[in-house]
Amino acid sequence: MNKKKFSLGEFLRGNSVPIMFILICAFCIPISGFSPTYLLNEIITRLGRNAFLILSLLIPIMAGMGLNFGMTLGAMAGEIALILVSDWQIWGIPGVVLAMIISIPFSVALGLLCGKILNMAKGREMVTSYIISYFINGVYQLVVLYMMGPIIPIAHSSIKLPRGYGIRNTVSLLNMRQCLDDLLAIRVSGVKIPVLTLIIIALMCLAIVWFRKTKLGQDMRAVGQDMDVARDAGIQVERTRIISIVISTVLAGFGMIIYLQNMGNLSTYSSHSQIGMFCIAALLVGGASVDKASIGNVFLGVILFHLMFIVAPSAGAKITGDSMIGEYFRVFVSYGVITVALVMYETKKRRAKQSLGRQLEEDQRKGEKA
Amino acid sequence: MSEVKEKKPSGSRKWTARILTLVVLIAIAAWMFVIGRGHTVYFDNKTLELENGESIGTLQRVDVYVNGNRVARLAKRERGMATWIGQNFKMTLEITKEKGDEPYTQEVAIDLPYSLDGIVVNLPGYLAGRSQDEWMSEFVPVASSTTEEDEEIITDEFGLGDM
Amino acid sequence: MSESVKRSGVQGKLRSFVQSFGLPRLIIAGFLLLLFIAAPMVGSDLGVQLTNTINRFSWNAILVLAMVPMVHSGCGLNFGLPLGIISGLLGATLSMEFGFSGPMSFVMAIVISTPFAILLGGGYGWLLNRIKGGEMMIATYVGFSSVSFMCMMWLLLPYHSPNMVWGLAGKGLRTTISVEGYYDKVLSSFLQIQIGTLVIPTGALLFFALLAFAMWAFLLTKTGTAMTAVGSNPTFARAAGIDIDRIRMLSVVMSTWLAAVGILVYEQGFGFVQLYMAPFNMALPAVSAILIGGATVNKATIMNVIIGTFLFQGIVTMTPTVMNNMIHMDMSEVIRIIVSNGMILYALTRKSEASR
């Protein structure tokens, strides 16, 4: 952004998180002993799997609502849709498309709820959206564990618990496993490239770029900059904020379906619980901050974060002789990155506020003198 | 993707657009229902006992090709399976009737009933040209009672699965 | 709560009571009452139920009490409770490692965890002073990061006591460590009273009462009132010459230390030290307990702690048995998640309190 004068110090400070990750990866890759082909394969798989989910985070950031921990809501909507679709035995790409369509009403309803609640908690959207995700997780469990069966008909015993209600711990999505990824897939010297998935992601990126230029997108940015100014300019602030959350939730639902069709099975009660955290961590690793994120951050983030994720356990095992160390290390890094990003954001915000206050004070003094 | 967020245009146009989006989505969903229904087809090379006491004998060997891949090579009294999306099931059979016969191929197209998940096709019966309800039956999975204990539901709020 | 009930007429009283108590709390209290009424009807022994509730109250109350100082100083709800819990876990494991046993191990665990609590709490407080306004979110993630960092440490630190490490490897702490022979029920069994099926863990309740009283007394001292002032009106506090950062730091250290003691009391009742990811889950129940008790994001009293812990633990212990007996479905876990997080959401979205 600062094209005026390129200063190395500023560049380093502005990109400290990605640089740190590049160093971690550079350190761990040789130790882990994975072949470049393997790594490349994994990275491309994970890019296709996760990028769409992470893209869903961009719009609330644009609207100044911070990192949308409530994207978990969309993930849950996607999961409910997938459970239904796999009970109806709709397979392959039609199954994926149907699941996406079915997830929309759930996502919209949850997004509306989330947006309304966040409007009541302005200034602490993030912690609120984080608690919402837990709250809705309870509701999700109520629906999936108790209502599916007696109230929502579930026919197949491969999905339903033997006790007659509730869904099993894992739902097999074997019949739609990687159906998006495999269609049009090409292999380049042992590396499988899921072309269709990447095309969908690219279309999504274009849609976001286009969306930024629409009236609604401009409004969102205005709301993100300053709510009061936006309101004075005649923008319906509350409505705009709700829409941004709804869009994010719907996209997260689609993203979750893409994610799960790649995984090939659905852990009914845990697939969604960590997804928000990992997606947010990946976005931040890509150099995004709480108030600014670009499409570039998404891709850099997926690559760096998942590279770390792949190599850390085996590097940790080779160094310490204990495989769990690496597992814990990558969890620690994920949380650590989010913590650091949040701290940086808050200190920056505070500094800006202070300098604004100082300026006001100075102006006042000038005014008194005059 | 961008439902319920059309901007500005006057009230009625906005609503038409919304309803149109909704209708299109529902239409796509319905279409997916039709074309996406998956079935598991089982083919038996078994003697078919008919109600009138007649019976149709087995074939020496049948190779079953679905979408160009061989999914089963059936000797007498064997069963194979394939998955199929949609109702217009097609397969190619390479049939050896008796021992020593020259194998011949036959294209087979079967309309699968929408409501059945698993469908058993008795090949000798089919090839003998009998009526559909004589060689087609529903596959009923045998509930293995030993594994039907209630599994413990793990609703770990912080389950740290692999990504 | 009772000060505001001064309007004439029963209706006015009722309305102001509902207002000050908050509708969600009334619903929860009513729900618990219903459970207590339903319990004997579905055939579970009320004495046993009460004993369980009181027991769990005695395990958890101090963890909930740990919320109070930070709420008072305006740092919001301490979602970073796991940090304090880690200090307590360090105290517990080190005390066992050094070979203390019996009640002495409990005392030493508190003593050893204190410097850790001061150190970690100090760092945590310093961090929170730099990010005023965004405490709660960062607190959450400080808690998470520290827990996952300690996961590595539990494996790597050179513990050797055969009661704690993995038998085969001879190193690395186990996920759960029994405190039998150390401080199992050391407080609960002290002066224990038994009336029929009702058992009261007097010692643990007394210990909580002691800490609660100390907290109450502290809040009346000069530093204590300064803390309240910092939380309720920072501009005024600054004008009065109070060092805001120092007071906030103090509140964070106090909260962290109380969490450390709280987890030790929890362990003596529960019977096990839980390491690794276990502290992860522990902030939210404590947060929602104090909120159920009537606290808000920037106001909390000892009474809130007592009422809240009792209501929360009551629901947690009563729902499984009553539900199971009534409809043969154990929905307690789901109810717990919805109630506790719903309560936190309710508190976070109160308009009047969002001013900060």
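Note that the chains are named A, B and C in the order they appear, and that numbering of residues resets to 1 at the start of each chain.
Following the convention adopted for this analysis, contacts are C-beta pairs under 8 Å (C-beta built on N, C-alpha and C of every residue); 3 or more make two chains touch, one makes a residue touch a chain.
Everything numeric in this text was worked out from a predicted model, so none of it was measured.
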Whose C-alpha centre lies nearest the centre of all protein C-alpha atoms?
A
Could you find the chain whose CA centre sits the greatest distance from that of chain C?
B
For chain A and chain C, let me know how many angstrom lie between their CA-based centres, rounded off.
31
Distance between chain B and chain C based on Cα centroids, please, to the nearest Å.
55
Taking the mean of the CA coordinates per chain, how far is chain A from chain B in Å?
36
Mark out which residues of chain B touch at least two other chains, giving numbers and ranges.
155, 157-158, 160
Multi-partner residues in chain C (2 or more other chains touched) are 333, 337
Find every residue in chain A that makes contact with two or more other chains and list them.
134, 137, 141, 145, 331
Contacts from chain C onto chain A in the complex sit at residues 79, 127, 130-134, 136-138, 140-142, 144-145, 148-149, 151-152, 155-156, 172, 284, 329, 331, 333-334, 336-338, 341-342, 344-345, 348-349, 351, 354, 356
Name, in rising order, each residue of chain A that touches chain B in their complex.
46, 50, 88-95, 97-98, 101-102, 104, 108, 134, 137, 141, 145, 156-157, 161-163, 166, 168-169, 175, 207, 214-216, 243, 246-247, 250-251, 254, 267, 269-271, 273-274, 278, 306, 309, 327, 331
Which bits of chain A are touching chain C when the two form their complex?
117, 120-124, 126-128, 130-132, 134-135, 137-139, 141-142, 145-146, 320, 322, 324-325, 328-329, 331-332, 334-336, 338-339, 342-343, 345-347, 349-350
In the complex, the residues of chain B that touch chain A are 1-5, 7-8, 25, 28-29, 31-33, 35-39, 83, 85, 117, 141, 143, 148-151, 153-161, 163
